[in-house]
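Labels run A, B, C, D, E and F following the written order; every chain starts at residue 1.
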Amino acid sequence: MRPSKRANDEMRSVSLERGVSRHAEGSCLVKFGDTHVLCLASLEERVPGWLRNSGRGWVTAEYGMLPRATGERMRREASSGKQSGRTLEIQRLIARSLRAVVDLEALGERQITVDCDVIQADGGTRTAAITGAWVALHDCLGWMADRAMIDRKKVLKDHVAAVSCGIHGGTPVLDLDYLEDSSAGTDANFVITGSGGLVEIQGTAEGAPFSEEEFLNLLSLARRGVTSLIDLQKKAVAR
Amino acid sequence: MRPSKRANDEMRSVSLERGVSRHAEGSCLVKFGDTHVLCLASLEERVPGWLRNSGRGWVTAEYGMLPRATGERMRREASSGKQSGRTLEIQRLIARSLRAVVDLEALGERQITVDCDVIQADGGTRTAAITGAWVALHDCLGWMADRAMIDRKKVLKDHVAAVSCGIHGGTPVLDLDYLEDSSAGTDANFVITGSGGLVEIQGTAEGAPFSEEEFLNLLSLARRGVTSLIDLQKKAVAR
Amino acid sequence: MRPSKRANDEMRSVSLERGVSRHAEGSCLVKFGDTHVLCLASLEERVPGWLRNSGRGWVTAEYGMLPRATGERMRREASSGKQSGRTLEIQRLIARSLRAVVDLEALGERQITVDCDVIQADGGTRTAAITGAWVALHDCLGWMADRAMIDRKKVLKDHVAAVSCGIHGGTPVLDLDYLEDSSAGTDANFVITGSGGLVEIQGTAEGAPFSEEEFLNLLSLARRGVTSLIDLQKKAVAR
Amino acid sequence: MRPSKRANDEMRSVSLERGVSRHAEGSCLVKFGDTHVLCLASLEERVPGWLRNSGRGWVTAEYGMLPRATGERMRREASSGKQSGRTLEIQRLIARSLRAVVDLEALGERQITVDCDVIQADGGTRTAAITGAWVALHDCLGWMADRAMIDRKKVLKDHVAAVSCGIHGGTPVLDLDYLEDSSAGTDANFVITGSGGLVEIQGTAEGAPFSEEEFLNLLSLARRGVTSLIDLQKKAVAR
Amino acid sequence: MRPSKRANDEMRSVSLERGVSRHAEGSCLVKFGDTHVLCLASLEERVPGWLRNSGRGWVTAEYGMLPRATGERMRREASSGKQSGRTLEIQRLIARSLRAVVDLEALGERQITVDCDVIQADGGTRTAAITGAWVALHDCLGWMADRAMIDRKKVLKDHVAAVSCGIHGGTPVLDLDYLEDSSAGTDANFVITGSGGLVEIQGTAEGAPFSEEEFLNLLSLARRGVTSLIDLQKKAVAR
Amino acid sequence: MRPSKRANDEMRSVSLERGVSRHAEGSCLVKFGDTHVLCLASLEERVPGWLRNSGRGWVTAEYGMLPRATGERMRREASSGKQSGRTLEIQRLIARSLRAVVDLEALGERQITVDCDVIQADGGTRTAAITGAWVALHDCLGWMADRAMIDRKKVLKDHVAAVSCGIHGGTPVLDLDYLEDSSAGTDANFVITGSGGLVEIQGTAEGAPFSEEEFLNLLSLARRGVTSLIDLQKKAVAR
């Protein structure tokens, strides 16, 4: 049995709380069990240099962790003077995932930055961040639509959510927490849209290489997980 | 009347929520109205180089703000590669304030770092941080006492809390929010112990210089504010 | 037809030249068409701090590009003062790929660093780097075996190589060059061992999401490509 | 008796030497005993971004210490790659103090930077710097008035000077040198204008907290010190 | 006899291979024995700020070493976050040497950057770099002339090449390799034009100071070496 | 006639003031006309890593300029976060020059750092720094000899001083000030010992290349200048 005592295809308890920031145009506190990520979307009326006068906008993301979000305190990246490779890799992933469901021309020449800050970590921070960032982005676009700046339906083409899977003790399991992740033989992250399209796939053998069959099992689990996450997104934004 | 419609000697609604982190040895989410600061105390069995083999411990603090804690998104310090002068100044202040009520010899050769991260800002983040950091420190020391590592009463000699005051429209007022702070003529922060001793005083004229009389009025307001904050600390740790 | 006029399952001309450095313990200049990467393996008798006195060794990698390896000159990372997220992401990938086929205990408490420097770029630099780095690592381990420091067969458990695939004009194609990569709808990198095990899978939708079927087609192409790359590795190290 | 053998309300020998730089528009070498600070004011015909086209100017300050200004050589900040929190805190204080007596509209859209570099340190470098920086600023404004760029009397509204006080062996004393500062129980810096207005107050308990009465004694001493410093400024600029 | 067994006035085998980059406007792989430097010239239609609207262009250079170009692996400068003093010194020297033979007005308002990256080092990397950089610059200017952007003969006024000399075992010798350089008593680099003019002279006593006579002997050797290097440049660009 | 109206072989007025720091073990304020450099020698009982347990010591130097030492204010290197190539080049030159006259074994396993900070610049800062640094080093060694730590005569083998020369309007001139340096066709720095040995020679053509004859004329002027500088050093340390 997996350490979390969950069934192999059982996700942790997930919640998506909207409107958690007084300042951000869109915001969501997402919880995948003990993993808590605050996602704040900020609208800025400027775009990166290479998009100036192109009529197209940009969606980007930044990722951070509070130093004691984890079991052992880590050095604050602002103090060490640089962001780790892991941080940069994750924030590039979040941004690509969001852009996969956004029409940048319909957005117009503006930038939305979604800051995903991990308040508490227990595995799966990047997948929780993507799932919550979509809600923050949705609400930021709603804020803009309320001011007749955009047509939200044109800009936001679909849902997108993400989940991790892994092989634990030989068995594929869904939504790894930190303990499971540490002992998993293979670890994979899947980013999938509301219509079931694949946006990002990342699979890594932690010890022995994995087979195609194992990988397809993970993908199948991930589809189940993302379906339930997108249901939760729908319920959240319907409120 | 002040913008917040509060009486001149009226603080914002303050709350101190303990045990908000699964990982930190002590934690407190402090709210001064819309200013929310997460204070996480981490114990480490090592001290800075200059204290090695001294038998004495160290208490320090780090301060950060989420990029969109404020009305306009600020650049992430981890991304810009350095902490601002303001950040460094505030974290030095928090650390000195805590050390003023700690017996570093009784702590033994260990370091406690209190991370104060501003989740949402509306003025007075440093004073909220000091007030909440004391609770996180208290609980970290309790965690150590439970493991017979220290005698908490010997280590933690007193309460400490902080509040800002300012002169708004010619009148001294207590606990400025962001709007009031922006328009205040003079801004002062006071750090005061449970027994009424002064630990830190910082007064700054934003426009015209201030008089000694005005300053004493601010101090008198601050005493009232800190008294109520320390009452709240007592209630919080009694639970 | 694809821009390179190659068949859909046709790789570029690949060469693996060993012994190209007077100093490095193992070296390989790998060419995937116009993509040229110099891979130099360096042995050091020290390990990262967390492995000290563990008896285990470490294999790591660093990645760089000459400023004019590309069509437009890029800023030198040494001069800008930091490595980009892309650089850090790639060097982490190379290192994980190599470690997947190394027995770190059999290596003993030493570190091998494989520097992969792109002399000229035309797409697929990370997959060329992994393929060439394996040869450099192999020869570094041979250098050690010659000095009776290790048993190479125990340390190096298998081959590993990598190739990119993508969907170009609706058709899955193997080993994208820069032009093809720029216009591909989906881009995927596969790292596969000599025995066919999967080590890393990275798939990214550049525009529309991709389907599971498309992804399996890419994987199938990649298997073909890696099989031929590993044949070339075998021939190269047999000389 | 205090280590310096001075009376409790006795300042060190203070001198303000003008015109010490061939290049700067205004300059002053200020000495508070063995603390020597070179203050050079530079005029630039540009302002920070947020003031562009505002018609208002800016006054700022930078602070530095020669590596061997102190008893033990410190690491050069240019070599360590960042300015310490202490440095940033002090230069912000100097700048705020100067701006408190400057009419930025009357200055016009220009920036004056006062560099305060500590040639030799023996305590009280920030208060000496403020006192000397005022003279350098005065002379820079005189240089501008000579060229009919401004009306100096409109721009420079008042004198400003600063002094430190502390509680040594239970007794409040004026103008601490390094030895006294190291052993003082409380350390406070006061920045006061020619008309007696308070600009900045910073009081810090180094050990036990201090009382309001003690603080008022320090303020009273500081007033005496600043009065004499401003007399010296008047004499200096009258020459 | 010198370690390399060469005669005192004998250079290493030198080669200049043009057209080694698919992307750069001019390129040369220069080899002085086992010292191999890749020189890539890049044209950019912009100049440094201080030359804007001056009608004059700029020629600059950057220098780097692959981490394992040397006998012991060095830390990658991109990873350490700064370029060493040695790197900066060398790239300034290369740039000055090239500018000595370029008419910047005839170049027009454009910048050419020559990247000199040491692929393998065995002493004399800076002199090899200058010698090869001239060829890369020549070919970049040829590329521009082919497009009628400039008149190459007006822009490139002369050849320039460089060589090192040293005193080994009391005897002046030409073109030191790493081993000879390490044991040389005096080390000097000479940059000389095709018409015999001196552009840069750098002489350094590594142990005992050197005499004027010794220095003139080194200069005489250097003239011989540079004459042969410029012959090789002529042959290379004639092909 | 040269701008400074000096004869071609006439140096500026030079002074060497010892004992100008209360803290440093050796100190000298050197003035070459309006170029003023403060040289402070600091003794530390530790050596760089590669000399540990070697019994040999080390002499090094650091160089800096106050931001307004020059006609236009330059950005503070501590604030920009790195030292320029020019700074690093100069401090390496100063250090090599001093080590040329020091017996590092006789010094014992200790390090002396000479900080050369330019208080005011008017050309020739590096040559003034070397000349003054020798005096600071001499006095630091005297401080050590007074404490019987070393035999100064064994450690300090000779004098060393430096001067610049250049070709102004076709004529070789000695000791260029800033104005002369800006318009000089060739600029050369010579570091020479008391016994006339050459330690460092740096010659740079600023416009047209220079001839051997011109260079020998500069060297001959430099010898005259250094002879007078060493006389001044002798007088200074005899006091």
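The rule we apply is simple: a residue touches a chain if its C-beta (ideal position, glycine included) is under 8 Å from a C-beta of that chain, and two chains touch if they have at least 3 such contacts.
The chain list, named the UniProt way, goes like this: A, B, C, D, E, F = Ribonuclease PH.
What you see is a predicted model; the values in this text were computed from it and never measured.
> Enter the minimum step count from chain A to chain F; a value of 1 means the two chains touch.
Contact-graph shortest path, chain A to chain F, evaluates to 3.
> Just tell me the minimum hop count from chain C to chain D, counting one hop per pair of touching chains.
The fewest touching-chain steps linking chain C to chain D number 3.
> Touching both chain B and chain D, which chains are there?
Correct list: empty, since no chain touches both.
> Let me spell it out: compute each chain's centre from its C-alpha atoms, then which one is farthest from chain A's centre?
Comparing chain centres, F lies farthest from chain A.
> Tell me, please, which chain's centre (mean of its C-alpha atoms) is farthest from the centre of chain C?
Most distant chain from chain C: D.
> Cα centroid separation between chain B and chain E, in whole Å?
Once rounded, the distance between the two centres reads 59 Å.
> Chain A to chain C: how many Å between their CA centres?
Chain centroid spacing, chain A to chain C, equals 28 Å.
> As a quick test, compute the distance in whole Å between the mean CA positions of chain B and chain F.
One centre to the other, that is 50 Å.
> Nearest whole angstrom, what separates the Cα centre of chain A from the Cα centre of chain B?
Centres of chain A and chain B (C-alpha means) sit 33 Å apart.
> Could you say which residues in chain C touch two or more other chains, in rising order?
Answer for chain C, listing residues that touch two or more other chains: 81-82.
> How do the chains line up around the ring if the path leaves chain D toward chain F?
D, F, E, C, A, B
> Okay, in this complex, where on chain C does chain A touch?
Touching chain A from chain C are residues 82, 84-86, 88-89, 91-92, 96, 100, 188, 192-193, 195, 197-205, 208-212, 215, 219.
> In their complex, what parts of chain C are in touch with chain E?
21-24, 34, 38, 40, 42, 44, 62, 64, 66-71, 73, 76-79, 81-83, 87, 113, 115, 117, 119-120, 122
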